[in-house]
Structure formats: C-alpha cells, structure tokens
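Heads up, the next two complexes both have subunit A, just with different partners, subunit B and then subunit C.
Moving on to the complex of A and B:
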C-alpha cells in the first residue's frame, strides 16, 4: 500500500473535509453574508466532487486491516448519504435567515459536512475503533447543529439532553467494544467473525455485544434508548432534524446491520417464539417490539407534527429491527432498502414541516390546516411522504414494509410456522395504528379550512425542489423498486 | 441505435406524453384553460406520431411480425421475479393508431365543447390520464400490466362520467359504471391468479415460455379440474372481465347510463376505445381462447345475445345519446360474436371501423344538442338538416357506416366479414341468424334517428332556432367522416390486406373474389336486409307525416311491446329487486354486527391504547421533560448550587439508559 492508493480510497472523505474547512474559512471571512448563495454553491460543489469521487473512484479495496473498506455496498451508501446531505443543505439555504442563524450559514454548513464526514467514515470501515471515532465525530457535529439556529431556550435544552444521552451511550458502546476485543483479540469485523467461527464463544462476548447494542440503540432511537429523540426532533431546526432522521439514521442502520450480521452472525441466537436462545437476536427482537409499541402509540397523542414524526421514527426503527432479527441476506437487503426510503420520506416530511413552521410560527396539527389550498405542492409532497411511511401502495413505503416483513418471515424451515410470526404480527398491528396518526395530519392538511389570517406558505425554491424530488422518488421507487433493489442485491452478493 | 431499440423507444413514447401531460395538468391552476387544452393536444399528437412510426414498422416487418421487450419490475426474495413487458404486433399496432388518432380528434373537439367549463383544466387532465392508461393497456406484454392499465382506464372512466358530479344522475351513473365493471374485473383478477398458478408467469410472449405460446397452452389444455380444462376456466374468467368492460349482457346496464358524462367522454371512452378494451383483451388472449372450444362458444352466444338485445332496445329509445349507447352495446356484441365464431381479424377490423364512425356519431350528437340548446330528445328535434348542414352530412356518413350501407362505408365491409365468419361457424347456425336480425334492426333504428333529427319539420322551439357549431367542433367531424369511408379499401374480400397483415401472407388484388359463390349471396342478402330496415323506417317516420310532437308513431304500432323495449326490458329494475336489495340487506346486517359486536371490541382496544399512549406521553413530557425543563432553567440561571439541587432530575434521565442496558443484560443472562 502506498499513500496514493490510500488517498484514492478516501477521496470522498477528503473532499468533504476540505469543503468543510473552506466553509469555516468563509465563515471567518464573513463570506456567508448576502443570502449565503456562495456558501450554498461551495457546499454543493464539495458534495458534487465527493459524489464524483465515489462514482469514479476505486471499485473495491480493503486497506489497513479493514480500517478503510471500499466495495459496491459502501459506495452505494456513500452516494445515498451524499444525496441526502445535499437535500439538507438545500433546505438550510437560503432559508437560513430564520432563528439566530443569520450570517452564520457557513459555519452551519460546515457542521453539516463534518457530520457527513463522520457518517462516511462509519459506512466505509470494518474496524470497530474507527467506527466509534466516526460515530463520535458525527454526533458532536449533530449536537451543535441542533442548538445552532436558536439563541436560547428549548433547542439548547434539547441539545444538552442529546449530548448527555449521546455521551453515556457512547461510553456503553466503547465499553462493549472493549469486551469484544477482550474476547476475540481483534477489532476487525472480518477477523472477529473468523475467530468466532473457529473457537468456542467466550461468555464475555455476549456481554460486549449487549453493551454495544445500547450505543446502537441510541443511534437508531430504539426504545428504551429513545428519550432524546422527541425533544431533539421538535426543537432542532427542521433541516437539522431532517438530517438526523434521514442520513444519520441510514448510516446507523447500515452499521448495525453490518456489525451484527457480518461480525457476529455466529452468536445470533434465536428470537423464535417459544425457542429463545442466547445471542443478540432476542435482544434486538425486544428492542424492536418495544420501539414499535411505544413509538406508534405515543405518536397518537402528539399535537406537534415534528414530535409526531419523532415518535413515528421510533416506531419505524422497530419495524426495521424486526427484519434484522432474521439476519440473512434478504433481511439485510430489506433493512438497507427500508432505511434509505425512510430517510427520503423523512427528509421530505421535515422539509414541509419546516416550511409550515416558518410561515405560521408553530407546527401544531392546527397549523397545518388548509395547507392543501395555500401550498398544494408542499401538501402533496407531505401526503406522499406520510402515506409512504404508512406503507400505502403504490408508494415505495408499501414495498419496503412488505420486504421487511417477508424477510422476517423468510427464516426457518419451510412448511412450519415462521418463528418470528409474533413479531411480524405485532408490526402489522402497529402499522395499522400508524395509519391513524398520519391520516390525522393529512385530514388537517386537506379537509380543515385554512385560518383566515394565515400567512402565505412559501418555501424557498431550493427547498421546494428538494421536496418535489423526494416525492417523485417515493412514487418512482414505488412503481419500480428494482431501480434500487437490484444494485443493492448485486452489492450484497459481494458481501455474503 | 438498432432498429429494435428505436421501435421500443417509439413504443414507450406512445403512452408517456399523455401521462406527462396529465401530471402537468394536475398541478395547473384552474384558470389556464386554453394552455391546458393545448398541452393535452400536443401530447396526444406526439403519441399519434409515435403510433404511426410503430405501425409503419409493423407493416414493413411483414409476416407474423412480433417484437417483445421484457424487463424485471421487481424481485421478491432470491427467485421470485415479477417481469413486465412491452409488445408490438399486428394486433395492437393498428389499434394504437386508432386510439391516439380518435383521442387527438376528441381532444381538439373538447377545446370547443368544454372551453367554457370552469373545470376544463381538470377535464383535460383526466382525458390525458385516460389516454395514457388506454395506450399502456394496448402495449402491455403482461396480463399484469394490462390489468393495471385496465383498472386505471376504469378509474378514468369513473372520474369522467361523474365529471359533472353536481348532477345527481351523473354521480349515480359514475358509481354504477364503476361497480358493475368492478364485478367483471373480479373475474379477470381471478383468471389472472389462476393463470399465474398454472403457468408461473403472466407474460404473453416470452421466447416460448409465455402464456400465449404453445408450451404453456398445451399444459393448460391438458389439465382438467371440475369437469373443464384449466384453459376453459381461465378463458371464461377473463371473458367475464371483458364482458364487464365491453358492456356484454348481463353487464351492459352501466354503458347507457354512462352517457351522463360530457359528450367527448362518451365518444372517446364509451364508444371508441375503452369499451373496446374487452374485445381487445379477448383478441390479445386469442390463443388461450382457441385452446377451449367451450369458451369460444360462450363468447359467440353472449356476443350474439348482446348484439340482438342492444339493437332491440335501441329501437325504442328517445335520447339521442342513449340510442347510440345501445347501438354501441349491440356493435360490441357483433365483435364478440365474431371472436367467438373464429373471426378475430373481422372483430379487430370492426373494432377499428366502429371506433371511427361511432366517435363521429357521438361527436355529431354533441354538435346537434350543442346547436339546439342541449336538447337530447330526438322526438323534439327535426329539420336540423337545413340548419346544420355540415353536421348533417358528417352524421349521415356515420349513420350509413353504422347501418351497413353497401360498398362505400367501412362498416359495411367489417359487418360483412363478421357475417361471413358466423355463417362458416360449424357449431351452430344460431349466431348467424341472430346477427342478420340485428343487422336489420340496426338499419332501422339508425334511419329512424336520422329521419327524426334531420328531416321533417322542427318539433320544438329550440330545434327551430338551431345553428351550426363552431369550426373547432366540425373539423374533427369531417376528419372522422373521411376515416369512416377510407379504411374500407384495406379489408374488402377483393383485397384482404388487413387480414394478411394480422394473419400473415400476401394480399392479392382480385375483384372477381367478390363474385365468388361463397361471398356474393351473403353480400346481396345483407344489402337487402339493410334496404328493408331503411324502408321500414321511411314508411313509419317519413318526413311528411303529421303526428303530435313528442309522440313516437312506433308506440301505436307495437303497443305493449314498445313499452317493454322503452323500459330497456326492465333489466335495471330486476337488478334493483334482486342483487341491489340483497346487497342492501346484507350491508345492514354487517353494519349491525360492526356497530354492536366488533365496534365494542375496537372501542375497548382504542380506550386501552389511548390510556397507554397518554401514559407514555406523560412519562416523557411531564416526568422527564418537566424535570429537564427545571434542570435547564437552573443551568441557565447559572450557579452550580442550583444545578446540584436538581441533580436528581438529571440522574433520573440518564438512569433510564443504565436501566435499559441492565435490562438487556439481564435478558441475556436469563436466556
């Protein structure tokens, strides 16, 4: 290995980092005054370069004992993360005049890119230590993004809460990794898998995996590690919340699936009804069940739409973890597919929520009244996003959920009752519940009359464009899911 | 690009422009009525151009030309692949051209007809959507894709029949059309599932493995279940769907009511294109039907019954569009009859010819009622020939084509081909005689309509002051009139070019074939029948007669029989007394069960869920949030002392994490 090779494999990360540094420089030089168009241009250019580096870069490679991994799957997900980040950046500008963020768009954008850098590192590594570093880098940037826009008050409080939770969860994660290292003598996932396959499992290992699950549970907002999420989603600026709900969650599920299935497939155990066996599967199944029940039921009682989306996100973590319990190639494909489309739908929903928030000053359900008349495009996109989250055909959410549940039922011997039927039945029930609260929002949007004094709901053209792109992606993928499923399938074949 | 790739590009470009136009118009503000019409027309013209190139390619392709392009729609698991495909051959290429051409003309007509409607933008959106779905249906190489488009055209039909939903009759007609065709669709759906179970694929052609290819058909014809082969059962189920869409007895009841929609809709959807989808489905799946003699017999007899019943009822109707609607039912019966007796080419040609002249008649009827103050009753018209000369001329051509006037009209030759096929059917002579009777009745009721509307004296104020319609409305009439005459050259027995195109082979020009012993007696006989029909109509309705306005002279001559026909054989009322009433009672029963038994259970579950969600929310908001609010207020107030006082809250918050972790580990230990 020479340095040129190393650089060529991390070129996307380098592009993002350099862009972030340039942005910080621009911020110092006062470059983000005047609407922030220059900042947006630099951000978009940096992301475009990084995307080009992903697309035209090396197709595979494994450097420094798994610290840097490039294969079809990591490239696909790096591209997805870059696209979601670009969407977030377009939401940030030039709507950045809201809150106390005026004139500091460059710093805000730099934070976004640093968070992205962390996520790219997370996606592109099979080394537990680098994984941890990447997660921390992303988390630190996200804490700041949550608090960045507002002068004081709730966002600060939410950010602080996020920070405390994050630090403690990170401690659990690191503690868990140290046990894993103790049990297997390696922090390289591939080596760990080999060691586990060859030697009897040390009793200390499940302890390590269990502790790591606490950290991962925090990252994907699974019950009971979810308590930060509602406040953060509600208080953070809508683009930041959108980023946390989309890109950050996509990376979270990617790494959970990769670590558990690839590294610890041997100690899966079993979550089949009546035949629980020790391993991570029963733990994940419990997290999934709790998340589905608590997330979906608590969402019923919400008045704030962003808070509702937060609880719905918790519920969706439960749905996704349900499939992960099955732990085969099909399940991983379903998990990754669903996390991507969940990210797209969330980004669109938060984009519209932010637009309503700016126009009417709050995001209670009543504030969405009459949106269908005052802003038909935004209302249409919101409807697409929510109905996709609810899983109605022909939107892609239906297909994603179908894949999740089919994957969860696919394990086990043919002809017998699938062991995970209990979990899938619960998921179906909760899915039906979720339709109720999504429709509550849409009822306000389309059937309640707009208040007479409602300010016109106008979003920036960039924000509207992102919303429309997300909406069309949801429809297009619903009609032709193969557009994403086939590349994903090909990428996974290389992995397994 | 290779030739095949260009072909498929053109094929894909047929449904896409109308679809894009529909998407654009959906978001268009309602006041932009003129641009909306222009967008729809341009998109339709693009579709027409693409259809034209495809047809040219098919004609150039010669014998048995067929190209398929299959692609994966999505994949389930490792093996289950759901493919879709596009297909072009001599069966669908002419129909594609017809649909896009009639569509274009109707779109242009609609600019004038619907221009004043406040919801014209929405109207063009729906029309474009319909056109896209219909064209998609035609290019499908998969029963699944066909079924999807089939449902979409049903939806478009529902939306357009009920376009003036403020009229209760229109709303009711839309519902009726949707429900009745849905019953047929259920048959199609079941047939599709059965077919998939038997064949494992729904592609029509797939390099030897498609459902219409010999390998699969052989298997279908062999397996027997419940006294019939799988092929018979599947074909019959598909036919139920086709009968629903194409208004065959006993599903025909929705089609006359559908005339409550705007006239361009009646012309395009309920005369020329969508109602022919059922005929097209049978023609497309013809190899499957051929595998079962039983299914073909059913198709023939149902078609014959429909042809006769439709013609009988049309005799006694008074509304101008309703007469045409029953005539459509009758003509669709002719097509089905032709398919059933083994004449798919004749059926296809009649489909094309009928589309042109029936669209012409509907648009002409629209022009007539537009000209005399939205009057619809033919008995309150009269003498319009002088006041609307252009409409009169075009309508006359359409009428002669439909009635089967000899030699110069496409309808004559297509009907002749159908009669010929029916005569040659070895199973039974019944359908042939029924078809002859229907031919006679068709000539009679069309002459009746013609005489009542355009000849004699004006029988109402509005008819006396009628005026010719604007040029944007008459121009499509003229073009359609030309098309009702022109296509005849390609399908006479003297030069069977169309048959050669569909069946393969070379068409030879030979006038002598007209005088062949198996052709000319039938030719002469049907000309006599048409003459008899026209003569009878002239005898009863001749322009010089003196009768009270608003009274049909036929009423006195037929007596009670006329009443039965005018009431459309009491078909609707029978359904009301049986099917509808049974549905209503079972609905009441279900509602009672729902309210008292299931509802109670749901209410209980909902109460529990509400309790739980309130608890979860309160724990989160009051317990944690409130505590955290206090904690942060303290922090902001500054002072480590205050912080220490609230340390308990912070501890509690983070404790949840620890408790969660411990819970997980305990679970591990317990396992």
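Moving on to the complex of A and C:
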C-alpha cells in the first residue's frame, strides 16, 4: 500500500471533509449572511464531487487490515448516504435562501457534512476502532445540529437528552468492544469471525456482544433505548430530524447487519419458537418485538406529526430487526433494502412536515388540515411517503415489507412451521395498526377543511424538488424494485 | 499476589457500574457528565488490560483514540449545557429535561 492508493480509496471522505472545512471558513468570514445560495452551491458541489469519487473510484480494496474497505456494497451505501444528505442540504435552504437558519446556513451545512463524514467512515470499515470513531463523529455533529440555529425553547433540552443517551450508549458500545477485543484478540471483524469459528467461545464474549447491542440499539432507536427519539425528532429543526431519521438510520442498520452477520455470524443462536438458543438472535428478537409494539401503539396517541413519525420510526426499527434475526443472505438483503426505502420515505415526510411547520408554526395534526388544496405537491408526496411506510402496494414499502417478512420466515428446515412465525405474526399485526395512524394524518391532509385564518402552506422550490424526487423514487422502486435489488444482490454475493 | 486480567476487569466493571448509576441517579448535569467520563474510563482500563494480556497493540491504540473522542465529547456536551444555562440559569437535570418518553 502506498499513500496514493490510500487517498484514492478515501477520496469521497476527503471531498466531504474539505467541503466542510470550506463551509466553516465561509461561516467565519460572514459569507452566510445573504449568501445562502453560495453555501448551497458549495455543499452541492462537494457532495457531487464525493458522489463522482464513489462512482468512478476503485471498485474494491481492503487497506490497513480492514480499516478501509471498498467493495460494491460500501460503494452502493456511500452513494445512498450522499444522495440522502444532498436532499437534507436542500431542505436546509427553503427557497434557496438561508431563511430558516437565522443566517447560519454555512455552519449548519458544515455540521451536516461532518455528520455525513462520520457515517461514510462507519459504512466503509470493518474495524471496530474506526467504527467507533466514525459513529462518534456523526453523533457529535448531530447533537450540535439539533441545538444549532434553532429557535429558542425545547431544542437545547432535546439536545441535552440526546447527548446523555448517546454518550451512555457510546460507553456501552465501547465497553462491549473492549470485551470483544479481549475475547478474540482482534478488532478486525473478519479476524474476529475466523477466531470465533476456530476456537470455543470465551465466557466474556456474550457480555461484549450484549453491551455492544445496547449501543447499536440506541443508534437505530430500538426499544428500550429509544427514549431520546421522540423529543429529538419533535424539537430539532426539520432538516436535522430528517437526517437523523434517514441517513443516520440507514448507516445504523447497515453497520448492525454487517457487525452481527459478518463478525458474529457464528454465535447467532436461535430465536425460533420452542428452540431458543443463546446468542445474539434472541436479544435482537426481543428488541424487535418491543420496538414494534411500543413504537406502533405509542404512535396512535400522538398529536404532533413529527412525534408520530418518531414513534413510527421506532416501529420500523422493529420490522427491520425482525428480518435481521434470520441472519441469512436473503435477510441481510431485505434489511438493507428496507432501510434505504425507509430513509427515502422519512426524508420526504420530514420535508413536508418542515414546510407545514414554517407556514403554520406548529405541526399538530390540525395544522395539516387542507394541505391537499393549498399545497397539492407537498400533500401528494406526504401521501406517497406515509402509504409507503404503511406498506400499501404498489408503493415500494409493500415490496420491502414483504421481503422482510419472507426473509424472516425463510430460515429453518423446509416443511416445518417457520420458527420465527411468532415474530412475523406480531409484525403483521403491528403493520395493520400503523396503517391507522398514517391514515389519520392523511385524513386531515385531504378531507379536513383548512382553517380560514391560517396562513396557506406554499411549496418551496428546493424542498419541493427533493420531496418530488423522493416521491417518484418510492413509486418507481415500487414498480421496478430490481433497480436497487439487483445491485444489492450482486454486492452481497461478494460479501457472503 | 500477581495482578491478573480478572482484577483489572473487576475494577473496570466496578467503575462502569458506578458511572452508569451516577448517570441514572444524580441530578446535577455536571455530575452526570463526570459519571459519563467514568464509564469511558472503565472501557479504557479494560482495553489496556486486554491489550497487555493479549500482547497486542490494538487496545492501546484504541485507548488513545478514545481519549481524543472523550475530549471532543466534553466540548460538545459543555457547549450544550452552557447554552441551556444561559436560558434557564440552572444545571439541575429535573428542571431542564422532562423525563417523559
């Protein structure tokens, strides 16, 4: 390995970092005041360069004992993360100006890019040290995004809560990693997998994996580590919440799937009914069941749409973890596919919620009344996003959920009752529950009359463009899911 | 008596538990903050111990990174606390954050 090779493998990360530094410089020079267009242009250019570096960069490579890994899967997910971040960046600038950010668009964009940098590092590594550093970089930037340039009031409190929960989760993750390192003598996932396959399991390893699961559970907002999510989603500026719900969650599921299946596939255990075996599968199954039940039932009672989206996100974590319990190639494909479409749908939903919030000053269900008439584009996209989350055909959410549940049932010996039937049955039930609260929102949007005195919600150009793109992605993928599934399948063949 | 890995793990586990309960039970934001650092230190101690007894360097390198990350975390956390203190003039947790889910 030489430095040229190293640089060529981390070119996307370098592009993002340099752009972030340029933006911080612009912020210091006061360039963000009235220069929102310049900030947006720099951000978009940086993300575009990084995307080009991903697409045209090296196709595979494994440097520094797995610290930097480039293969089809990491390239696909880096591209997804960059696209989601570009969408978030456009939401930061309603109408192309730094209007909603009190003249702090440059710093806000820089934080967004630093968070993205952390996620890119997380996706592109098989090393526990870089995994931790990347997660922390993303988390620290996200804590600040929640509190930064937000109107006075709750965001700082939500950020403090997010910070404390996040730091405790990071400590658990770290303590778990130290036990994993102690039990296997390595922090490289592939070496760990080899050691586990060759030697009997050390007694401290289960403890390490369990502690690490606490940290990962926080990252994907699984019950009982979800307490930060509703407050943060509700109080943070809408673009920050959208990023946490989309890009951060996609990277979270990517890394959970990769660590558990790639590193600890040997100690999976079993969560099959009547055949429980110690391992991480029963733990994940419990997280999944709790998340589905708590998330979906709590969402029923919410009045704030962003809070509702937070609880629905917790429920979706449960759906995704359900498939992860099966832990075969099909399950990993379903998990990754669904996390991507979940990210797209929530980005669109938070974008529309942000539009309403700017126009009406609140995001209660009543504030969405009459949106279908005043802002038909936004309302249409919101309908697509929510119905996709609910899993109605022909939107991609239906196909994604079908894959998740089919993958969960695919394990076990043929001809017998699938062992995970209990979990999938629960998931189907909760899926039906979720349809009710999504339709509650849509009923307000399309059938309730707009209050006469309310300021009309108008579509803003940049935000609407992103929403429309997200909406058309949801429809297009629903009709042709193989557009993403086939590259994913090819990428996974290399992994397994 | 020779110090073995189990002694180091016992101390480290104790530190972690003390830190965790500090975070759960203490009401002053700054003390909660210190308890968080205690949890990180517990992980560092375990890593150094494993590194010594595994005779590999990864654990020690890991610890150096954690020290840097912990410093960054302090900077961000204190910034949030100061932002809150300016508005609310208190660092007591129950007055700052409602604990409902």
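Heads up, the rule we're going with is that the second predicted complex is superposed on the first by the 485 of 496 C-alpha atoms of A that agree within 3 Å, B and C clash if a C-alpha of one lies under 4 Å from a C-alpha of the other, contacts with A are read in each partner's own complex, and residues count from 1 in each chain.
Keep in mind that, in the parts below, contacts are C-beta pairs under 8 Å (C-beta built on N, C-alpha and C of every residue); 3 or more make two chains touch, one makes a residue touch a chain.
These numbers come from a predicted model, not from an experiment.
Contacts of A:213 after superposition: subunit B is touched, whereas subunit C is not reached. When the shared chain is aligned, subunit B and subunit C each come close enough to touch A:230.
By the touch criterion stated above, A:182 is placed in contact with subunit C alone, subunit B being left untouched. Of the two partner chains placed by superposition, only subunit B is touched by A:377; subunit C is not. After overlaying the two complexes on the shared chain, residue contacts for A:157 are found with subunit B and with subunit C alike. In the superposed model, A:136 lies in contact with subunit C only, and not with subunit B. The wider contact with subunit A, measured as residues touched, comes from B rather than the other of subunit B and subunit C. Once the two complexes are overlaid on the shared chain, A:168 sits against subunit B and subunit C alike. Applying the stated contact rule after C-alpha superposition, one finds that A:269 touches subunit B and leaves subunit C untouched.
Of the two partner chains, subunit B is the only one touched by A:282; subunit C is not.
Within subunit A, the residues touching subunit B in one complex and subunit C in the other are 152, 156-157, 160-161, 164, 168, 172, 227, 230, 298.
If you check the complex, the residues on subunit B that touch subunit A are 27, 72-78, 609-610, 612-614, 616-617, 620, 624-625, 628-629, 632, 635-636, 650, 653-654, 656-661, 663-665, 667-668, 671.
Chain contact summary for the complex, subunit C toward subunit A: residues 5, 9, 16, 19-20, 23, 29, 32, 36, 39-40, 42-43, 46-47, 49-51, 53-54, 56, 58-59, 61-62, 65-66, 69, 72-73, 76-77, 79-81, 83-84, 87, 96-98, 101.
Residue ranges on subunit A touching subunit C, taken from their complex, read 128-129, 132-133, 136, 140, 143-144, 147, 152, 156-157, 159-161, 163-164, 167-168, 170-172, 174-175, 177-179, 181-182, 185-187, 204, 226-227, 230, 298. Looking at the complex, you find that subunit A touches subunit B at residues 152, 156-157, 160-161, 164-165, 168-169, 172, 206-207, 210-211, 213-214, 217-218, 224-225, 227, 230-231, 269, 276-279, 282-283, 286-287, 294, 297-302, 330, 376-377, 380, 399, 403, 406, 410, 433, 480-482, 485-486, 489.
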